[in-house]
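Below, chain A partners chain B and then partners chain C, in two separate complexes.
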Partner chain A sequence: MNAPSITTTAQTNTVSRNFDLAAAFKDALKAALITLGLSIPILSYKTNQSGADLFLTSRWGLVAIVCAIVFGLRLVLHAFTASKAYAKATPSPRQATELVDAGPSAFQKASRFGVPFFLGVALTFPVLIYLIQGGLNESRYWVDLGILILTYVMLGWGLNIVVGLAGLLDLGYVAFYAVGAYSYALLSTTFGLSFWICLPLAGILAAFWGMILGFPVLRLRGDYLAIVTLAFGEIIRLVLINWVDLTNGGAGISSIPRATFFGIPFTAGEDGFAATFGLEFNGMHRMIFLYYLILALALLTNFVTMRLRKLPVGRAWEALREDEIACRSLGINTTNTKLTAFAIGAMFGGFAGSFFAVRQGFVSPESFNFLESAIILAIVVMGGMGSQIGVAIAAIVLVGGPEVLRNLTFLQSVFGTGFDPNEYRLLLFGAGMVAMMVWRPRGLISEREPSVILKERKAISGSLVKEGHG
Partner chain B sequence: MEIFVQQLINGLTLGSIYGLIAIGYTMVFGIIGMVNFAHGDVFMLSAFISLIFFLILTTWLGISSVVLALFFVLIIAMVLTSLWGWTVERIAYRPLRGSFRLAPLISAIGVSIFLSNFVQVAQGARNKPTPPMVGDVIVLFQGASGYNVALSYKQIIIMVVTAVLLTIFWYVVQKTSLGRAQRACEQDRKMAALLGINVDRTISLTFVIGAALASVAGTMYLLYYGVVSFSDGFVPGVKAFTAAVLGGIGSLPGAVLGGLIIGLIETFWSAYFSIEYKDVAAFSILAIVLIFMPSGILGRPEVEKV
Partner chain C sequence: MSTAGANIAMQNPQASTARQPLLSVRGVKTYYGNIIALKGVDMDVNEGEIVTLIGANGAGKSTLMMTIFGNPRAREGTITYAGRDITKMPTHEIARMSIAQSPEGRRIFPRMTVYENLQMGASMNGMAYFDQDLERVCTLFPRLKERLQQRGGTLSGGEQQMLAIARALMSRPKLLLLDEPSLGLAPLIVKQIFQIIKELNEKDGMTVFLVEQNAYHALKLAHRGYVMVTGNITMSGTGKELLDDPQVKAAYLEGGHH
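Take a look at the complex of A and B:
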């Protein structure tokens, strides 16, 4: 969306400092009018129900506020693009040298300390929270949030293998999460197997399903593949709902055995964890154990991915992402390459799923709907497809962000008492995905460390890597 | 036999709704080669627009004739939904031309999530029932077992409106300069631009037409089921996409044919096999068609060039 002021300046190549205020004003007015049109009637009238009847209440004040916000934002955007165009047209004396300067960027410098910092915080998180909150029971909420975030970090890293490295858009990733969760739930409730036996089994089963579902779809083009994986994900969910004999249908499976500390249960009894180690019994021991369990699983995912990237198969994935035809011409077996990406991604999804089941103690098909896939995909996309640290940051922001917002009480005084940021979470997810594709299609972290290095390690900007047909 | 005829009628009604949505998918795919994942949610949004305007017209303005109210609702919904279609294309898809290949699809998923949650936040999460609109039925014939084969007025309205709009749409695409420009862009966008066709405008209009037809489907869906909720865009959207793929994506008659087939399969599956697995049937058809017959019934086979 170019402002009229910018199109004219680009032609004449003389940029004036004060941009065309009248044109910007006119454009902002147009945007506000379109917003008004869009608000009718979805925003301007609310349908309320009393008994069987619907009645309408008007909310024109809200529409006016929204239109004013759009108007203001549009004006700011114009001012911003105009000043940017001005800066571009008047080069600074250092510009020529900056372009060829291949020294480490600010991000690369930061990342040298960033990764150990993140790792340190993750490892000491329960201790830090314990010290800040001053007690085990007080820190329950935060440790729980940490577990939730790490689950999504792990899912994001697992999907990153499929989407970020191999370039296969998988919209049904949650199916493998579901396979893992139900594997653990069914194996432990029917055969009484322990978590540590079920975990690898769940991974293997999920990988197996990844291959079964992956095999027929590999001939498909990128977006067809996305839609078919979406269909498979939905089929698995619908089967879980309707195959009542096996899965207990929509009611789900409850009373799944809890995690044990390598055989020692977290109970208050004689042979419980607390008694064995001479501690006072506290339910938080189990939570902290779960936290370190998911941290270990997530780090395992990361470690395996990083190692795989250096192996021939990992290089083949990235080559496949960039150009499938070139890959085939070079003799790479694209079928096997895609299948391994699918299977390994699915395996980590399965691990995460069985962790989910052991944490919740309850699984139902409703936890595995398309929205869940979309959230994981949003994490991968916003993290910059292929960047491990980016995915972790995106998971923290997207999953932890709304929770933090909920605790900010001043927001309630601004937006009124009934304000719950979680309601707007998905709205922002959707808008964020679009904004990401428009402004930074390579994600927040778009620097790429090349996997193959000739003489000297150089990071390249993600925008220089062009994707071919996948 | 009676059940068969009844299901045939129901299936064709449902199929015309799917066909109307499927046209939006197939046109957009034909012209810019992207799966407009948000199309199902535009359909859902239009059903809400229709619902609210139906309430305004009947309760506030006091129009007592349901058919007259429906006529106005249809026109208003088409205009407002077109505006949504245009805006979505302008904001979320146009800046992405020339970006990497999966970018438009990811952006479309974002729009889809945004739209369904926007409606949820704006209108609430509960199902919205409409006041009963058209309830009368014509009993066609009575079977030996006393089973009435009925054709309801709303089914007649749905099929007639669909047929009329498809005829108008067919005329637009085949006979007007807009339709010619659109078909030219479909074949070769660069060449069309060189010959003086405003490609951006043509693509915008494609989205507008698609959204308008989706809004007709939305109004008809509301009329047929009498209830709508914010999550109703997803499953009909995927089924309509299945219809578009089955008919051969890019082919307009194929979309309508595919819609009718999917509608028939769904109703017959529910009647003769199991109603629980009807969505599984539709999703399976999507997977099977894409894997074994990617060019569909009426589509052209795709040739990949290096």
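Take a look at the complex of A and C:
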């Protein structure tokens, strides 16, 4: 009983001796000096113009702050790596048996507590915000943000089918988002079809375009596939810009009919939603309805994906990602498997697109540029390629993060009133990506979740357990 | 060169309806680009037989096995299985005609669990017999039974080999193609694998086409064997005949019995 604890303390000592405070200070100081060197040409002087005169203002205070930040971060990094080395040196008792004796994995633990938590927050979000902000109008910003995040969660889950499950790198996913949005916009403005009819139509049309993209790229993989899909995304956007007769070109399509509550419009009038349900009219009713609409659509995407993963087609997608030749020799039609992946992924993109159109009431090609594709792909990759919950977390971080930045107004008291944290969004985005590459190169939740989790070993009847030994 | 007594079934065309080979390869030529890998191969596998193909590295054994599966495709010649010409058939359709293979290099799905790998093997017949077959392969390979939840890629080499064979068995094939099932396995396990092949053949009547480097074991086990040298079949005969052949002895059984 005593022996192990003695060895651990011994290890602790050696490791903590490894964390040399003086060396860490020295290193941090070096980093700060380098920062100082870099700051002198970049940060220390600023040109100001007043009238025709141009003069320099010095910003040594800012330089000092930046150097201090670098110094501090460097120290923290040292402490962090040291504590990590310590954790490594003291192995947990489970480690040795983990692989064979499949206890609950990190994923299973995360899903056991994480999923109900996230779902609960998502379902009650408007209520929570209402209570926190103390009023419908006050909560507008947050509900709007919730809608935005959920849209990206849904897009991420849709693309996850193509990239995460089937392993087909698609850089033009936004094309299907655009097809969905324009489908609703055109069908509703020209034929007066309602949202609930257009939604499935938009999905079908997007799926159809998914197949059209799928056919020529069937034999491509990896980089080549990425380039062709990228081009596809751009082609769709350029067609939307240039086919002015149909799409009204770069000006876009406006006054798209708003969503109705299953036929009841959200208007102040007699037959409006508020009047029908005896409520006081408020524009937020529509927002909250949209929130639950996109939540339902996102959950549908997730539900379908989870179901499909357990069905032969979903398992074939994953097998395709792992080894195409083995797939074929197991009797899987890889052509059909790829096409269904493209089509189903595109279909959810189409649903999300028509939601986008009904929320904005306006669509233009500008909303569907490559950056959108890149963000959606980044969500999937950061989430861990195939992990549903990972994708959701990544969407929250990548879409919600910039909004948090916008609210960091207290930083203005540090960096001066002209400081707009939002301008540093892409810088932080890049830094975050680099950090991910270093610490979690395979995504937030990199472990692939088995589609079948055997409880104990119940799939095997008891009589078998006694027989034979390897 | 060719040994007497070879192709007994073929020399007896009168009995062809009863003894038509399950798989027959006629004049098959396969190319990789412009390089010819099979230079006109003739081979038969009769129902209920274990047939082995031996040969040096690079002789074209794996190529023949993959050509039967249509990947790469034969440029000339015909491959007939159960009376149907499968030469031009897509790989996945060939696989659905109850031919299964455990290819060279195993090609299991590394990120999927053992259980899911086995499901993939069963998926083509709609998982109808999955539970039954799972029990069966678990009896054959108790090692896998302990590791159903482990990821394929984390299995040891020998365990991966077992998984590849087990996965091939999950589709209840009539014809099983095995490419070097003994590769990388400890001698004891090799014996077990060969024992399993024998059992599958005797008890279940499974026809087995076995590509092997382990010529001694393979020829002892097989009913008939073929020897391949640089894309040509140079010898054929019963397992015993080939074992006793001085040329085979010199080329493939050097160093006595392994």
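Here is the rule we use: the second predicted complex is superposed on the first by the 323 of 470 C-alpha atoms of A that agree within 3 Å, B and C clash if a C-alpha of one lies under 4 Å from a C-alpha of the other, contacts with A are read in each partner's own complex, and residues count from 1 in each chain.
Definition applied: contacts are C-beta pairs under 8 Å (C-beta built on N, C-alpha and C of every residue); 3 or more make two chains touch, one makes a residue touch a chain.
This structure is a prediction, so every number in the text was calculated from the model and none was measured.
Q: Going by the contact rule set out at the top, does A:Gly222 touch chain B (first), chain C (second), both, or neither?
A: first
Q: Who touches more of chain A, chain B or chain C?
A: Here the partner covering more residues of chain A is B.
Q: Given the touch rule stated above, what does A:Tyr45 touch, chain B (first), chain C (second), both, or neither?
A: After superposition on chain A, A:Tyr45 lies in contact with chain B alone.
Q: For A:Tyr424, decide between first (touching chain B), second (touching chain C), both and neither.
A: After superposition on chain A, A:Tyr424 lies in contact with chain B alone.
Q: Check the residue A:Glu318 against both partner chains and state whether it touches chain B (first), chain C (second), both, or neither.
A: second
Q: Looking at the overlay, does A:Leu330 come into contact with chain B only (first), chain C only (second), both, or neither?
A: The second partner, chain C, only.
Q: Quick check on the superposed pair: does A:Ile34 touch chain B, chain C, both, or neither? Answer first, second, both or neither.
A: It touches chain B, and chain C stays clear.
Q: Thinking of the overlay built on chain A, is A:Met433 touched by chain B (first), by chain C (second), by both, or by neither?
A: first
Q: So which bits of chain A does chain B touch that chain C touches too?
A: Touching chain B in the first complex and chain C in the second, residues 325, 467, 469-470 of chain A appear in both lists.
Q: Using the touch definition up top, name the residues of chain B that touch chain A in the complex.
A: 34-35, 45, 48-49, 51-53, 55-56, 59-60, 80, 83-84, 87, 90-92, 95-96, 99-107, 109-115, 117-124, 126, 128-131, 234, 238, 241, 274, 276-277, 279-280, 283-284, 286-287, 290-291, 294, 304, 306
Q: Spell out the part of chain A that touches chain C in their complex, as residue ranges.
A: Its residues touching chain C are 99-100, 102, 312, 315-316, 318-319, 322-323, 325-334, 448, 450-454, 457, 459-461, 464-465, 467-470.
Q: Along chain C, where are the residues that touch chain A in the complex?
A: Of all residues in chain C, those touching chain A are 69, 71, 90-93, 95-96, 100-101, 103, 107-113, 115-116, 119-121, 123-124, 126-127, 131, 134-135, 138-139, 142-143, 145-151, 154, 167, 171.
Q: In the complex, go through chain A and note every residue touching chain B.
A: Within the complex, chain A contacts chain B at residues 1, 34, 37-38, 40-43, 45-49, 52-56, 167, 169, 171, 216-217, 219-220, 222-224, 226-228, 230-232, 234-235, 238-239, 241-242, 325, 370-371, 374, 377-378, 381, 423-424, 426-427, 429-434, 436-438, 441, 466-467, 469-470.
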